[in-house]
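Each chain carries a letter (A, B, C, D and E) given by its place in the written order, and its residues are counted from 1.
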Amino acid sequence: MSEVKTSEPLFSKKNMELIKNPLNQINPVTIQVLGICSALAVTVQMDNAIVMSIAVTAVLVIGNLLVSLMRNVIPGRIRIIVQLVVVAALVIIVDQILKAYVYDVSKSLSVFVGLIITNCIIMGRLEAFALGNKPWASILDGVGNGFGYGLVLMVVAFFKEILGSGTLTIPGLGKLTIIPESFFDWGYMNNGLMLLPPSSLFIVGIYIWVQKAKNPELIEA
Amino acid sequence: MALNKDSNVYTIAFATIMVVIVGGLLAFVSMSLKPMQQANVKNEKMQNILQAIGIEETNGVTREEAGAKFNKFITRRVTINYKGEIVSDKTANDKIDAQDKLDAFNIDLRKEYSRYVKPIMSRNKGDDAKIQELLSNSTDIHFPIFVCEHGGEKYFIVSASGKGLWDDIWGYLCVKSDGETINGSVFDHKGETAGLGSKISETWFEDQFIGKTMAENGAYLPLSVEKPGKDLNNHQVDGISGATFTGIGVNEMLERNLAVYYNFFKNNPEFTK
Amino acid sequence: MSKDVKISKGVNIKLKGTAEKLYANPVSTSDIVIRPTDFPTLMPKLVVKVGDKVKVGSPLFYNKENDKVLFTSPIGGEVTEIKRGEKRRILEVRVKGDGADSYETFKQGDPNTLSKEEILENMLKSGVWPFVRQRPFDVIANPADEPKAIHITAIDTAPLSPDYGFIVHGQGAVFQTGLDALAKLTSGKVHLNITGDSNADEAFSGAKNVQINKISGPHPSGNVGVQVHHIDPVNKGEVVWVLRALDVLTIGKLFKEGKFDASRSIVMAGSKVKSPKYVKTIMGANVGDILKDNVEEGGRYISGNPLTGTKIPANGHLGFYDYQLTVIPEGGENRFMGWLPFIGFNGFSLSRTSFSFLSPNKEYDLDTNLNGEERAFVMTGQYEKVFPMDIYPVHLVKSMMIKDIDLMENLGVYEVAPEDFALCEYSCTSKIETQKVVREALDLVRKETA
Amino acid sequence: MEYINIFIKSAFIDNMIFTFFFGMCSYLAVSKTVKTAVGLGSAVIFVLVVTIPINYLLETLVLQEGALAWLGDDYANMDLSFLSFIMFIAVIASIVQLVEMLVEKFSPALYGALGIFLPLIAVNCAILGAALFMQQKQFANIGQATVYGLGSGFGWFLAIVLIAAIREKIKYSHIPAPLRGVGMAFILTGLMGLAFLGFLGFEL
Amino acid sequence: MKALEEFMQKIKPKSDGKFPLAHAVWDGTYTFLFVPGHTNKTGVHIRDSVDLKRTMIIVVLALIPCLLFGMYNVGHQHFLAIGEAVSGESVCNLFWDKFFFGAMKVLPLIIISYGVGLGVEFVFAAINKHAIQEGFLVSGMLIPLIVPVDIPWAMLAVATLFAVVIGKEVFGGTGMNILNVALVTRAFLFFAYPTKMSGDKVWVNIDLAEGEKLVDGFSGATPLGNAVKGGVDVLNATHASLMESVIGFIPGSIGETSVIAIGLGALLLLITGIGSWRIMLSTFIGGYLMALVFNQVAGDNLYMAVPAIHQLMLGGFAFGAVFMATDPVTGAQTNKGQWAYGLLIGVMAILIRVANPAYPEGVMLAILLGNVFAPLIDHVVIRSNIKNRLKRVKTA
């Protein structure tokens, strides 16, 4: 790694790309197919999705930063283990914090917090990016990928909660009723399938459909 | 730097330092957050218990205020076993000690159910008499009773757990001092069908139990959830339309658990005084 | 050691216009046409140009891939036209006869006394070699190959097809000469597959120097590929050569007479033929001459049988391999609610969705209507009913459609030829052009594995 | 009966793929042909059957609150459960490594079949996920935990083999271009999940 | 006819014009009215007279007895519920009233199902520029027959939309899908709107007109719902004895109650060879065997003890085995595979029905499961064929 170049502005075009691209072109979930396991199981309510996104982004950013800082001292032979330990430690801390401060959410996230450890996005970014880049770029990369992940998660949760429960639960605002009572009087009903696991897959499938239809260059051969 | 990153010494040193730092950090975080986490768990349970009483002061209690109210209203915590023997008896002055597994507050009926009741039931499926016999001889299964004193009345909060259509269901019921009239209830479930069985945790369902009794002419008569739309007597509540099997689960749970409490109250009249 | 094969899958489609076993008066043809397109994958290289004079047996063109394989003129006369299509692809070479056939001379003699090389050279030079085809791929055999066996089918089970026994009757000696020549070409066996349903002509049943196998059952039991599959299947890396008994006659004549005698007996059949009979004519003959006054208006002319033949114009020419000329009614009408089941007693169907299954021996007068439009593969079980090999035809065809060569190999692509799928194509509910798919796939596999 | 029910529940009802989406990354990446799917699926079963009992022992003898009581009264109150994530993942990583070496040494044939998949598995969330669920479910004994591991693995195996067969079949389909590949795999899995919902509540 | 043809030709929109949808609709209608006179260009010169339209129409014809019976039964059950008819009297009383009432209930469902489904087909045909495929002719008829008569129209429309788009069009349309479209519709309804699809009252029309009221003791439960509680005795007591369930004047989804009507359809499918007899037979065998096993281990469980034959005549078993399991697109496609596939469905149907009391209609889910397993079953069968071929090389 050459570290000669010094005077790059913090928010240069190149750096902004690091944040922007993972939202669409190289979205970790829909395009790179990483980190889906944890992404889909916690989408019945919006607040779970938001907290999960924040947790993943936090672990990703801090993990990226730490590994980037240590990139010159980590022994090559045990670098995977070192990354794993860093991630696991961060996840444990996140889990402990959730349990202490947002107990309800931590209950509904249950084991899925722990599964952040094996979220392929995180290990993938540490290995592919942080290990070879400077701290600031690594942070931005973490933010970008975290948001790219969160975006999909929240879109899925948005549809699942509105169609499945008629509400939207947003931290700080509580459960907002979206579908007005009068709809129900007219015979509208919440769609129970939206509360079941398969609906997440349908929504992601349709998300990919729309995304790739708009960006034909992403279509697989 | 002239450090050889590939040498064994360096690798081992690095690993050691990392383990020490990480271990220390985690231990510190865990220790400092533990009290809050435990308080969360405790408060939630207290909240549920208080909700079940069915008196105005505790209806709609939040988790934050649960701790204080619990200490105020719950005066005694008793644990009995299947035979109706008291195995633990604490007053409000006895602090809740997480290590005291017999303290009524530490009894998790869901766990008791899956550990002791479920195996007996599934092994002897179809043979109700044998199940009854095995269960009543088991001293492993504990039942908590929380005593609430308010406005000169005594209320007994008891607990029940069983299996619904898909997974566990559980709840707390509050019995008046006559040992048979229900004053309030809370139910919860792990995975009943949304929109059907899941309605057991809705207030309208829970409130139906208020005023119902589990005895007739001095004999135990289980509470039951009926098909919706029937004429109800004093022991029956309206079921949820379309959720027949969750209803059956609730019936089984109530019948089995409340019988233990009913007999206990019956055989220990001094307790309810 | 002979092998009896009974084939139960398949069906004989009974059409109106079966030929009587009688010869019509022989006709002479004004001109002949050789179509390079009759030979799948062939890349022709011309050796004549318009105006050249040719004798019987003079080369017209050869195969670019293997310049030893010559295609020669069946008559003597003058090359009058070379028709080209897109990208200057040669479609037809036309030779106008001069009436006085003069012959190129080739080696004559008992094949048993000739060496393998001599036989090969004689066959290649005279232009009879293209009769020898190979499996896999159903193309003209490569003379350099060492075939595992040679299979000769003496049955044609296709609708309205000629009776080989009737044609070959009395030519036992010539036929035997042809067999002897072929026997020299392989170290393996020569199989002669004759009908087991009735008594075969003695030219077949009395053949020597070959293994005689009796094949019985409905079409496509006469397809040599089906016979090979049941007698001694082709595996990956192996090659067998296949011929039809009538082709062997031409080879026999070559060795008997030392010349390329392209005359052949063919059958004229189909409901549009007024008097369906056999007729003696010549390879590549003009069908206008053959059918003169013997045909009704509005027919489709097919060189070959209605399942695998080639559509030709009314004054078109017989194909290189064809011993059959069929004329059936041309379709083309829109039929109001024509899909309704059980309506229209003539709508022959294998599927029992018309009443035709109640009268199995009735002969039908089918036209060329597609009876529907092409759709995705839907129905199952149809292909299997008419495909008598231990191969899953639908899956094989699907693998061909997606050009998955590995899968095709696994599913048995080396054993099949388009003609084996003709009945599948006929009965296909989804109206898929199965033979075309198979042909393209065979060419693809051949190219990729070359 | 107990064991059968645990097996059915873990394999069909709480199917790791259709209900929890565990190990979706490799499930999607390796399900293009049945052959590789069978390889990876078998490897998952294998690793789960080995690691779940070990993690169960770890959980009950070391990590659980009060689990260290066997060391003496001083340790009875220790609660190391906060370490479970890191310990489980360490166990899984090292066991996978160990198994890989042992298999290579003693059964080259098996190694040929499973070998390339084993390294993939250490970071497959199906393995850690199953361990965490095992912890949550608090099985009564190691036998139940092992059956749980076997059932979960079988469920995963079944899911990946089924989708691989379907993906081989839909090669003939004219799927809209934007859905080709991953998009289709998602929708397919959803439809399969719909069919598997029939097992919900199944009990013998 | 000539005039009609000319008229159709006159109004033909351009295929590459501004309105591709109009062309798709025109093309669909035209080819429905007239089998186009396309002739073979290459390959075979003659073609079998069967095509996909005819195949599909035969299945629709086979469904007609179920449909007619279903309409009548809807009326019959409703009249029973409001006390205008009583069980015990001749079922033919008020014949036309019952039939008319049922028809008015069922026809809207058919219109919605076809309207939504064909609408989606037309849109996709226009987008992809291909001809309309006939597959929905059958699905559109199956869907109304397997839902409760009281299903709200909007829900049926949403479910059909979902099933046709996600269950079929994303695969490229008819012939490409993996799961039976009608079953996806039903599964969607089942999980999305459980209150409308399970429970006692949904199976009989109780949308009462003014002045009507339900008779005392009306339950409306399907025989299977009753059988869970008390086995065959309850069945016999609630007018669902073996004979009665074969005839079919019992509550249930519209098309599934009468085994006789289903049998007529089955006969047509078997004669024409369109339904696979292997699948039908093996499904019944699988179900029968599984029910026998349950009979053996029943003990006190009255539901398990319901005689095997009676089990097969109840609920949607016969309907599913005849009309859904045999779907040529989603079922197993190899002959050997069809046996395994049918057995799997039969066994699973009874297994889910009995071991999973929440889903007395196990058949539909079992067939969906069968659909999911079918490609694997075929794969195994074909693998063995491939192995044989490879073995041949080695032994040769």
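Observations on the structure shown:
Here, contacts are C-beta pairs under 8 Å (C-beta built on N, C-alpha and C of every residue); 3 or more make two chains touch, one makes a residue touch a chain.
If you're wondering where the values come from, they're calculated on a predicted model, not measured in any experiment.
Think of each touching pair as a link: the shortest run of links from chain A to chain D has 1 of them. Following the contact convention of this document, D, E is the list of chains adjacent to both chain A and chain B. A centroid comparison over C-alpha atoms places C as the chain most distant from chain B. Averaging the CA coordinates per chain and comparing them to the mean over all protein CA atoms picks out E as nearest.
Among the other chains, C has the CA centre that is most remote from the centre of chain D. Top contact pair of chains, counted by C-beta pairs, is C-E. Centroids of chain B and chain D (each the mean of its C-alpha atoms) stand 32 Å apart. Separation between the centroids of chain A and chain C, computed from CA atoms only, is 65 Å. Distance from the chain B centre to the chain C centre is 84 Å, each centre being the mean of its Cα atoms. Centre-to-centre spacing of chain B and chain E amounts to 46 Å, using the average Cα coordinate of each chain. The residues of chain B that reach two or more other chains are 22, 26, 29-30, 165-166, 193-195, listed in rising order.
Touching two or more other chains at once are residues 376-377 of chain C. Residue positions of chain E touching 2 or more other chains, listed in rising order: 166, 170, 172-173, 176, 188, 191, 194-195, 357-358, 378.
Every pair of chains meeting the touch criterion is listed here: A-B, A-D, A-E, B-D, B-E, C-D, C-E, D-E. Of all the residues in chain D, the ones that touch chain C in their complex are 171-172, 174. Chain contact summary for the complex, chain A toward chain D: residues 30-31, 33-41, 81, 84-85, 88-89, 91-92, 95-96, 110-111, 114-115, 117-120, 123, 196-202, 204-206, 208-213, 216, 219-221. For chain D in complex with chain A, the residues that touch the partner chain are 18-25, 28-29, 82-86, 89, 93, 123-129, 132-133, 135-136, 176-184, 186-187, 189-191, 193-194, 197. Across the complex, chain D is touched by residues 128, 166-167, 169-173, 176-179, 184, 187-188, 191, 348, 352, 355-359, 362, 365-366, 368-369, 371-373, 375-376, 378-379 of chain E. Across the complex, chain B meets chain D through its residues 22, 26, 29-30, 34, 99, 111, 114-115, 119, 122-123, 125, 165-166.
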